[in-house]
Amino acid sequence: MEDRYQRGLALLDRLDREQGARILAALEEVAPDFARLLVEFAFGDVCARPGLDLKTREIATVAALTALGTAPAQLRVHIKAALNLGCSRTELTEAIMQMAVYAGFPAALNGLAAAKEVFATAKN
Amino acid sequence: MEDRYQRGLALLDRLDREQGARILAALEEVAPDFARLLVEFAFGDVCARPGLDLKTREIATVAALTALGTAPAQLRVHIKAALNLGCSRTELTEAIMQMAVYAGFPAALNGLAAAKEVFATAKN
Amino acid sequence: MEDRYQRGLALLDRLDREQGARILAALEEVAPDFARLLVEFAFGDVCARPGLDLKTREIATVAALTALGTAPAQLRVHIKAALNLGCSRTELTEAIMQMAVYAGFPAALNGLAAAKEVFATAKN
Amino acid sequence: MEDRYQRGLALLDRLDREQGARILAALEEVAPDFARLLVEFAFGDVCARPGLDLKTREIATVAALTALGTAPAQLRVHIKAALNLGCSRTELTEAIMQMAVYAGFPAALNGLAAAKEVFATAKN
Amino acid sequence: MEDRYQRGLALLDRLDREQGARILAALEEVAPDFARLLVEFAFGDVCARPGLDLKTREIATVAALTALGTAPAQLRVHIKAALNLGCSRTELTEAIMQMAVYAGFPAALNGLAAAKEVFATAKN
Amino acid sequence: MEDRYQRGLALLDRLDREQGARILAALEEVAPDFARLLVEFAFGDVCARPGLDLKTREIATVAALTALGTAPAQLRVHIKAALNLGCSRTELTEAIMQMAVYAGFPAALNGLAAAKEVFATAKN
């Protein structure tokens, strides 16, 4: 069990240590167990799996969250995480623009607005 | 204008010539202009852009369609197209499984069922 | 109360008497009150209101159901109802194609497939 | 007709008199009839029905709005209403956390953020 | 780790042993690890938690899947599971009908059609 | 190619020159090509087509965006555009209210809130 948590936390740190810590802290008061489930399952069990490289995983997540359009805060987190992993800004804007085809222009426009906001304070 | 259509058709052929032809033929009777718009815009203008490699584009599409859960036929088309481009079955099932985190288990289960169906008749 | 039900039923008959009767009959066994609520509220209270003509109301419904992509049976019912009210096939395919812009190509493609199916057996 | 409105208003008052009044007042200027339809149909016709206890109805609503992710203001209203009916904070956070399984972690995280906000000013 | 899997499997058996086994078997070929993650996380980690009784958890799930409208097969599974836990048919149809308010009539109509199908072969 | 862009820009100007210019300017920094694709495809290729009058097109868009509930900023833009084309406030609130039937009350309430905000500063 420790392993799943440690593996998840290590991945979360690699994606974005600061944002990860903030998300877990925000859960502490309202649903502390959920912070653990998020680290263990989402990061430790699923995203840390081999078989698909981490950059492609993040691009897939950015595409999916752009298409869904219901989680703008999480979309910004994953755009930042993708940059941290070495994805280029162009790779991200291309994946977001492509969602105009699969989920419509409003979804893509909101995704690009999220990217613009993240890029404004990102170093790479 | 010819260029956009030709570029889109060339990409569609590369993804899956047979399925592409079937989709365009199905539109012929009900909305012939839409077949042209699909080829020109979706494939010629957007998916054929440089800046993101085609395999990653298809994985992003498979992830997004899995997350949305509203277009199972198109999801199957893109799983097949991704295989045709050289994505491995594992890369695709990993991208789909990851959607359990971002869109829930039912979305991922339906995505895996689509993959299973496509894999059953695919050569690679 | 009678008024709301009668007004709703009259509208449902005008949209498509046969399909309306079939939908209400299907509810009879599992949730009979819901048949009444559907007639009273959806048709009697809302769709029968003045202020927006009935043809535009049906086109708005066809557009919305195409965009949502979660209710293909109801989409076919409303495409048929719109034809019955005098909407042309072109008006309907244009409204559906437009959803490619606002909800993506898969939504529009599925909407056009629904239209094609309805048109195949419709008289106008 | 009076009955439906009175029954709906009585239920709305029981859920949250203050928030209910605010919602109806906000509609007054832009769509006054809609305030009446909301009270009559949503509360008087549907939610006031016997056959499912009111606490379970509110938990079902909180779960559904968390899963949909498109109506954060209404989600907060129903979390507050559920508390007013005697649901515990734990029952609500459990229902919201469970949506991670059925609609993904972002939906659950946004639901928990809504709960946290409501809990901060709630008395029970 | 064994514990999470065993706890999840015990819950799945209680919900519907036959359907549970069928779902896990269907995953075996395409994504065997996902069967384990489903049992461990969805059932072992989340749905088996104390703090909200199991019947209410199933009603919340039925409501959410009805509202989402993207997973009709899973909706039928959970309607059946809810019956197995002792929910009455009325409790389920009321929860589904209520979704007309929060997600629209098409969602509720499709949910009632799913319920009708499940009820036709259920013993209670 | 010039034609598509010019036709799209002319339509965008007719819908709302000021908002159109602001949207295109916002894209300039993050994804300049997307501004062009938006004008060419969404406005030049699709919305400018004959076969459905422009007022009905805008009402269909307002209905669809209300139903989807994921793009409040774009919904406000299209409510404003519809007013600019000569749609009455009543036609718009009726189309939005009708979405309570097809996508639920929260979607309609959020759509009416968007309309109220636009109406507050609109001249017609």
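A, B, C, D, E and F label the chains in the order they appear, each numbered from 1.
Simple rule for what comes next: a residue touches a chain if its C-beta (ideal position, glycine included) is under 8 Å from a C-beta of that chain, and two chains touch if they have at least 3 such contacts.
Since the model is a prediction, treat every value here as computed from it, not as a measurement.
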Chains touching both chain C and chain F, listed by label: A, B, D, E
Repeat of the C-E interface, chosen from C-F, B-E or B-D (over half of contact pairs identical by residue number): B-E
Equivalent interface positions on chain E and chain F, same or different at half: same
Averaged-CA centre spacing for the pair chain E and chain D, given as whole angstrom: 23
Separation of chain A from chain D, taking each centre as the mean of its C-alpha atoms, in whole Å: 30
In chain A, residues with contacts to at least two other chains: 33, 37, 41-42, 46, 49, 65, 67-68, 70, 74, 93, 97, 99-103, 105-107
Overall pattern in which the protein chains touch one another (line/ring/star/complete/other): complete
Of all residues in chain B, those that touch chain D in their complex: 67, 99-107
Contact footprint of chain D on chain C as seen in their complex: 1, 33, 37, 40-41, 45-46, 49
Residue ranges of chain C touching chain B (in the complex, touch as defined): 68-70, 93, 96-97, 100, 105-110, 112-113, 115-116, 119
Residues of chain F that touch chain C when the two form their complex: 41-42, 46-47, 49, 51-52, 56-57, 59-68, 74, 90-91, 93-95, 97-103
Chain A to chain D touching residues, read off their complex: 23, 26-27, 29-31, 33-34, 37-38, 42, 65, 68, 70-71, 73-74
